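What follows are several structures.
In what comes next, chain A is part of two complexes: it sits with chain B in the first one and with chain C in the second one.
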Partner chain A sequence: MDLVESYRDDLRFARKPLTWILLGMLVAGLLALPWYAHASWVVRFTVIALYAIGVMGQNILIGYTGQISFGQAGFLAIGAYTFGHLKLLGVPFFLALLGAGLTAGLAGAVVGFPSIRLKGPYLAIATLGFGIAVYQIFANSEILSGGRSGLPVPKLEPAFGLTREVYVYYIYLGLLLAFTIVTYNLVSSYVGRAFVAIRDSDIAAEVMGVNLTRYKLLAFAVSSFYTGVHGGLFAQFLGHLEPQTFNIGESLTLFVAVIVGGLASVEGSILGAAFVILVPTLLSEYRWFVPVLFGLTILLVLIFEPLGLAGRWLKSRLYFQLWPFR
Partner chain B sequence: MGGLLEVKDLSLSFGGIKALAGVGVAIAEGETLAVIGPNGSGKTSLFNCVTGIYRPVTGTITFKGESLLGLSPDAVTRRGVARTFQNLRLFLNMSVLDNLLVGRHLHFKKNLLHAALRMRSEEVRHRRRCEEIIEFLNLEPYRKSRVADCPFGVQKKIELGRALATEPRLLLLDEPVSGLTAEEKEEVSYWIHEVRGRFGITVLLVEHDLRVASRLANRMVALDHGVKIAEGTPAEVQRHPEVIRAYLGE
Partner chain C sequence: MAGVLQYTLTGLSAGSLYALVALGIVLIYRSTRVLNFAHGDTATLGTFVAFALVSQGYPFYVAFPVALLVGGVVAILFYFGVMAPAQRQGATLLGQVILTLGLALIFQGVIVYQWGAEPDRFPFPLSETKTWKLGPVFISQLSLGTFGAGLLGSLLLYLLVQKTRLGLAMRATSENLPAAQTLGIPTRRVLGVSWGVASILGVVAGLFLAPALLLDPFFMLDPFLKGFAAAVLGGLNSLPGAVVGGLILGVAESLAGGYLTIQFKNTLAFVIIIAVLLIRPEGLLGHEFKERV
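Moving on to the complex of A and B:
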């Protein structure tokens, strides 16, 4: 029986023992991945993990707060280059990552200012401009981008007798788990409610006492913090930075991941990240077809399953809960 | 009588249209004041000025001796003014409970770290308050339902509940019974009456249904084309020749 006995019970992360067991199995399966899967899959899952963090951040902004931003590549570049430069100065990995996140978060708060006045497509255009501007700055400034040969990022030294790939995979997986839990906590707290309130009706949210300026800027800052961390992890993974990596296509890929995964859904963000990483790898013979497929998927998702993969997941779960009566 | 809200000489225009032209309204603590008038007479504009959504051109708005002019809507709410909307503005994709909890937002002790680490003692404290409102408005069956899935009559109740959750001193109700069935009207009028008795909240009411308005209100104000044309007891205002002319023509 599913009976809530106290208010506190109602607020738990996962209430039923079965949920804990399934979650435990999932995490155990991911931890054991290097033992049963080919090394190339470990690398793929590493990329999915770092990408999922960025998609989650983007989802906080687009899915939860309803502020459309096409400037993610800009934050990604800021995060990646901050991380690269800090790493070159000898700053340890986690501190450099924090620096990348905070720098991008600060930039996000500044870029968020137009959101106080602009809505919908107008905000999208303003942020798009920001993304392109950042790309141009990095492409034209040799000091920032490391010149013609790009910016080398020192590799992580593996520990505990693991190979470098497996070591990096575990660090990235750990970060993904931490970010997932924090995101779940955040969106179910008063902050998440204020974000959703702004999305559903900004006037009503304001009249209910939600300070629009503060929470819109907070959404931008939090979201770009995630993207900055994503950028840092990406820089570490690539080991070499060039401005071309952070063109407009990168913003669009993140956007596709949010839509396909499911708006306003944390687990959807992870599924969406898996989608945009796995599809190009599986279609490596037909690279030219990937943008077409992304465009087509967005159309199909918006028409047939507006809640994305997360909506599918929700429906199949409901089906099994009601089985065999339906 | 100490005036809780005093609006003096309020003017507002959109281009050439004068939405409000020198309107003055005063409401005392504990009373229920109804504002009536034909469509486009400036009733909702008056509400929007008081709650900080519109900036009036001239005039003063004083609440508990403090000016509300130039404050943002959330700052007005923090000072104890809550409102409902004529065309519902609920958070449609949230549960009923979450809608009420947004109403509690300004009473939360805010700490981003507690939010991120799932420390929820504040939440439990405010949940208790929301449950009182849910019980008061008989919303128990809908507690966890998505608002978009609730029937219209229930949505109207949720809006009232959400406004009550902010613990206002003054409640502005914009057509609380419009679009409801006869029974629902009875129910809502009872609650508005109770709001005053049980929570001691002063009510400013905009209503087209004159039967409901005159039953609930101690006093009535009539507007037409942004000008106050009559003020007094409900019976006096409804017999006022200017009011009859405004509604029925010459």
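Moving on to the complex of A and C:
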């Protein structure tokens, strides 16, 4: 193992040339996906990409800052409906996406206010209440939700001679890569270290000079920005919005993805998103078994591998690096 | 005036069930600091067991105790099978809360598999339509029975916690775990019993809620959240607080549903909670936790 000798070393994205090569191969493989994989897999990877963004946001909040939120479905709904309404007004895709993220981020900062005084289970309940309140507001307000028939979202027009599925896949993949790099940089910067300090002990962090109010609100705002973008991408993908989509189950799915992928891990968030998307599609004939499997996975992961899939990946990598010693 | 009385009475009946759910949540929270997210689903499971037995022709006095037993045993098994090993491995509080979430998901899947997602009507010995006139207000047989069950459950729990040796051990364990261990109290067994008792209270609430609502795999979600809300209102570490919180929430909700708007009835509960949390986070009767770094 090579030691980290300077701060610059610590901030480096990948330390060895081999890592760069493998990363490049992974990205190239994903870019070439439409040429060798079935069209259904392209759609699946599109959903994984958009989910991974939301899971990363949730992970910043739960894994890095240690603040429980069960209200993610609320931010998701806010993002999705903002995006839908902006699209209907004729706002271009990326601008609408930015609007969705910013609106959700603003809502996140407001919801974050209780987090200054509340901890653990209390915060869980407050955010849960927020999620349910948002759901009911959308369900009861015809102007916001588009009435009985739901809110249609205009489809993206494909360019460069690609089919619509492949075009959407490339946009979503690009966004996922951008968000991954931003998240890596965020969590290894002083902001990320402030988040981790708050997670480990907020009183100690405050004594060390971390402004609790600012960083807790920032964590909420950033996390809900991600979730809002996730909501916008989800709205674009579905093409049709109904409030029922954003029930408490959606919050739980995001939560399961964070736990299974690994708390406080960026690559774990992507693995976790892949888990919660691929498992239900593989088990489409046994739908009732999906929650059971999610629940069992949570129990097994927390008891035997608290670091999740990312931890397993880290351990197997260490095993091969140290082989034949252990 | 008669309207206010009527709504208050209806609210008290619903509130007594919230109180039962809240008591279960508080019982577990104050002994282990774990918020049990599987509380509602355990109650659903117990209620469905009673439903299955009644549909097969068993009388109610067989079906109900069996349902309570199933609920209690499942919770005790979960404590010894999952929670205790996790605690021994030093799982964080967040981790333990997530474990109960995992259990909730498992129960949901099993219930949907076993009984389907279609809502069923639960046959019940007390009728909702048979009413008595009590001065200016009407009270149905069901809501009277519900209120009685809530009262009886709270009373029995009070006697158990305050008047028995087991209750003394439970109080000691929740007060100071290492000290209780040092004094020779088998804390794991005591905590296991607490989980069982809490879950039985939840099943009682589920049994009395089922005839008023339709029985589907998610019917306890709403009452469970209200129970949470009630527990927070009263203070998450206070048993009398849970009862007070439940009754207040029930009455407030009923009055708001009658005089303001019925659509935001559920949202109102959470508005109250967030307000309470911001003004007095330890709840009405709870006391504040001191934290050491």
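One rule holds for everything that comes next: the second predicted complex is superposed on the first by the 316 of 326 C-alpha atoms of A that agree within 3 Å, B and C clash if a C-alpha of one lies under 4 Å from a C-alpha of the other, contacts with A are read in each partner's own complex, and residues count from 1 in each chain.
Note that in this section a contact is a pair of C-beta atoms (placed from the backbone, for glycine too) under 8 Å apart; a residue touches a chain by one contact, two chains touch by 3 or more.
This one's a predicted model, so the numbers in the text were calculated from it and none came from an experiment.
Touch counts on chain A: comparing chain C and chain B, the chain ahead is C. Of the two partner chains placed around the shared chain by superposition, chain C is the only one that A:P291 touches, whereas chain B remains out of contact. Looking at the shared chain after the overlay, A:V182 reaches chain B, while chain C stays out of its contact range. Of the two partner chains placed by superposition, A:F94 touches none, neither chain B nor chain C. Once the two complexes are laid over each other on the shared chain, residue contacts for A:I68 go to chain C alone; chain B is not touched. By the touch criterion stated above, A:F255 is placed in contact with chain C alone, chain B being left untouched.
By the touch criterion stated above, A:I203 is placed in contact with chain B and with chain C alike. Of the two partner chains, chain C is the only one touched by A:L299; chain B is not. Annotation: chain A residues 201, 203-204, 207 touch chain B in one complex and chain C in the other. Within the complex formed with chain A, the residues of chain B that make contact are 51, 53, 72-74, 77-78, 82-83, 85, 89-94, 98, 101-103, 105-106, 108, 110, 112, 114-118, 120, 122-124, 127-128, 162, 166. The touching residues of chain A, when paired with chain B in their complex, are 7-8, 10-11, 13, 182, 185-186, 188-194, 196-197, 199-201, 203-212, 264. By the touch criterion stated above, chain A contacts chain C in their complex at residues 62, 66, 68, 114, 117-118, 120-122, 124-126, 128-130, 132-133, 136-137, 140, 201, 203-204, 207, 248, 252, 255-256, 259, 288-299, 302-303, 306. Only residues 29, 35, 82, 85-86, 89, 91, 93-95, 97-99, 101-110, 112-113, 221, 225, 228-229, 232, 236, 263-264, 266-267, 269-271, 273-274, 277-278, 281, 291, 293 of chain C touch chain A when the two sit together in their complex.
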